[in-house]
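After this come two complexes, each holding chain A, first together with chain B and then together with chain C.
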Partner chain A sequence: MNMNMNKEAYLAYVKQVTPASPLGKDLFFSFLVGGAICTVGQLFSHFYLSMNLGRDAASTATSITMIFLGAALTALNLYDDLAKVGGAGTIIPITGFANSIVSPAMEFKSEGLVLGLAAKMFVVAGPVLVYGILTSSIYGLVLLLMQRL
Partner chain B sequence: MFLHELLPAFLTGGLICALAQILIDKTNLTPARVVVLFVSLGVALTALGLYDAVVDFGGAGATVPIVGFGYALAKGVEKGVSLYGPTGILSGGVAATAAGIAAAVVFGWLAAVLSTPTAK
Partner chain C sequence: MLKRTGSVTLLEEGPLVLGSSAVGGKKEAEGPLGGCFDFLYSDPRAGQKSWEKAETAMQDKAVSLALKKSGLSASEVDLLLNGDLVNQCTPSCYTASKLGIPLAGLFGACSTAAESLGLGALLVESGALRTALCVTSSHFCTAERQFRTPLAYGAQRAPSAQWTVTGAGAFVLGQGGGRGVRLRAVCFGRPIDMGVTDASNMGAAMAPAACDTFSRFFTDSSRSPSDFDLILTGDLGQIGHRIVSERMEQLGLPLGDRYNDCGLMVYDLQRQDMHAGGSGCGCSAVVLAGDVLSRMRAGTFKNVLLAGTGALMSPMSLQQGDSIVGVAHLVWLSCE
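Now for the complex of A and B:
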């Protein structure tokens, strides 16, 4: 590799040496794994509804259950194996949100319980909360203005 | 149950994840950016009144993906503003998702403390 190449030449070089990602295969497995995780969620939702929890409470209980499963599978070092196959199918479901919290926390716990484990829990989950709460607050402001005008 | 609940959940959840996979494979967006994008998209689609139909059809297939977290935030803000006015803008979203956020903190902390990472 020529050490004096400009930015365009470098990007072209990177493109040339990066293996082409097999989109068809990736899509199939992310669909399959993501769909399967949501189906598990639907089974729990069905179960909680059958216990007369009510729609909102059943939905909350389902989220809590899926977060628990994601955290537990990450702690057992199983979620990473699933992620290698499922790609976005393991990242987008709420189990992936739990995984994004537990995985860096495990990795950095040797640096302490405060600035290691606890701080690193929110490397990815933090931005999700920031932009989720930010956009929903903007929506709330718009709603209020529409009510008052 | 299969035709009315499980199949729609599988198809809806699978489709949302496949869309994210396309963005990860075909653009320069990192997985973390796609997750942030999908939460915001969930809020926006709910605000436009488009996501309710997806939830009615897909059930957990629409609420388990992170888009559903945006949906829950937006629904909570709607309720907060109608009940409490201005303060509901800030309290509604987190109130509706508090259990999920607390579950992630508590289970996440426990899982990290009780486990041992394997060498990668």
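Now for the complex of A and C:
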């Protein structure tokens, strides 16, 4: 490394000296934690089915329960501790979506209930909603066209 | 008397640090320097309604403790030089508004402690001011919500990520004789952009600026690293520390074992799971005020260099894909 190092050479050097995330460990724990969250969801699903809720109602009730649990753990400042270990395993399930909405609501409450809590509530989840709705609309259109043909 | 040599300003008399204080939070209390702080808050909100108000409270506390040690009252301070990381430096403004001292607000990102000391030293040495109060703060929670994600949001940090120090440091500078820590030279940094865009690798973004300032200082002042007992960078963390060590060696100015980084001193990286180390405006301020100055007064170190390192960027500039500009301001402190 010398004083006249250009940007490309410096960035290559930085990449070389910067430790990478421990991929094996991260994958293992995200599988474990993500799998555990899904197992809890499955248990609730079985429970609601055994209460004769019917398939559709049982899966809705399961989603509601998991969203509640994700929100409650976020409010208790426990979900971020779980995510520190679980990584993507805590982001992908529906509990992660609850966390992404409740955490900014908590954080920005100090700026008021309207311009803080409500306005900032979707600062993390907003893009997921926008592109989720957009892609499902495209999917719907494609499905419609295919059925007509 | 001031003497300009190249890009370095030497201070012949050298303003005296009349009083200094370090205030910290819970994680700082649990770190290896926990015993060096003048005051520690166990409550991250410091009994306030918001994180920003808590940061103001920490600055207020640091100021009152430093003034008390200096034996001066607020009305005897000619100018307040302070800064932090919150938008438009509001915690610094609120602290200033309560003191009734003229304010020159500073933004140097995490280089602010060294920047304020450098400017304060020049103004006092030149006679433009009799006394200056230099204050810097940062708060983990105000920085997270502004630069990253909400606190309760579940995300993993990269191994190169650093932890913003919750704390404030204050220094009262003045003229006068007698023994004590004096500022002997100032070398302001040139902002350097090496194209780093990764916000979780600030050390790599700031390290080239630190090397530039160090090499200009050593060359222009005709001094070598071995003339100093301790050479510090502000908050480069593990990666930035390694880059500076390697680069300075290649430049023929090896810093050796006397080189340390405040971000590596303030926390126990392994035990406290701090990834690459501490960061933030408060990092170098509390390490200098709490630990280094007392060791200088005790005679452990005679000559110390601090290069406060700052990443000059905003969440907006990063979202627009712009790279992070680094800067490093250097001050030479001595206690003979």
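Keep this in mind: the second predicted complex is superposed on the first by the 135 of 149 C-alpha atoms of A that agree within 3 Å, B and C clash if a C-alpha of one lies under 4 Å from a C-alpha of the other, contacts with A are read in each partner's own complex, and residues count from 1 in each chain.
Operating definition for what follows: a residue touches a chain if its C-beta (ideal position, glycine included) is under 8 Å from a C-beta of that chain, and two chains touch if they have at least 3 such contacts.
Bear in mind that the values here come from a model prediction, so they are computed numbers and not experimental data.
*Asks:* Contact-wise, after the overlay, does A:23 reach chain B, chain C, both or neither (first, second, both, neither)?
*Replies:* Only chain B is touched by A:23; chain C is not.
*Asks:* Would you sort A:106 into first (chain B), second (chain C), both or neither based on which partner it touches?
*Replies:* Both chain B and chain C are touched by A:106.
*Asks:* Figure out whether A:14 sits in contact with chain B (first) or chain C (second), or with both, or with neither.
*Replies:* The second partner, chain C, only.
*Asks:* Taking the superposition as given, does A:87 touch the first partner, chain B, the second, chain C, both, or neither?
*Replies:* Touch status of A:87: both partners.
*Asks:* Per the overlay, which chain contacts more chain A residues, chain B or chain C?
*Replies:* Of chain B and chain C, the partner in contact with more residues of chain A is B.
*Asks:* Figure out whether A:79 sits in contact with chain B (first) or chain C (second), or with both, or with neither.
*Replies:* It touches chain C, and chain B stays clear.
*Asks:* Using the superposition on chain A as set up above, list the residues of chain A that contact both chain B and chain C.
*Replies:* 21, 26, 74-75, 77, 86-87, 91, 96, 100, 102, 106-107, 124
*Asks:* Can you list the residues on chain A that touch chain B in the complex?
*Replies:* 21, 23, 26-27, 30-39, 41-46, 59-60, 62-64, 66-68, 71-72, 74-77, 86-89, 91-98, 100-102, 105-107, 109, 113, 117-118, 121, 124-125, 127-129, 131-133, 135-137, 139-144, 147
*Asks:* What residues on chain C touch chain A, complex-wise?
*Replies:* Within the complex, chain C contacts chain A at residues 49-52, 145, 149-160, 194-196, 201, 204, 208, 211, 215, 239, 242-243, 246-247, 250-251.
*Asks:* Residues of chain B touching chain A in their complex?
*Replies:* These residues of chain B touch chain A: 1, 5-6, 9-18, 20-22, 24-26, 31-32, 34-36, 38-40, 42-44, 46-47, 58-61, 63-70, 72-74, 76-78, 80-81, 85-86, 88-90, 92-94, 99-101, 103-105, 107-118.
*Asks:* Quick one: in the complex, what on chain A touches chain C?
*Replies:* Touch residues, chain A against chain C: 1-3, 7-8, 10-11, 13-14, 17-22, 26, 74-75, 77, 79-80, 82-84, 86-87, 90-91, 96, 99-100, 102-104, 106-108, 110, 124.
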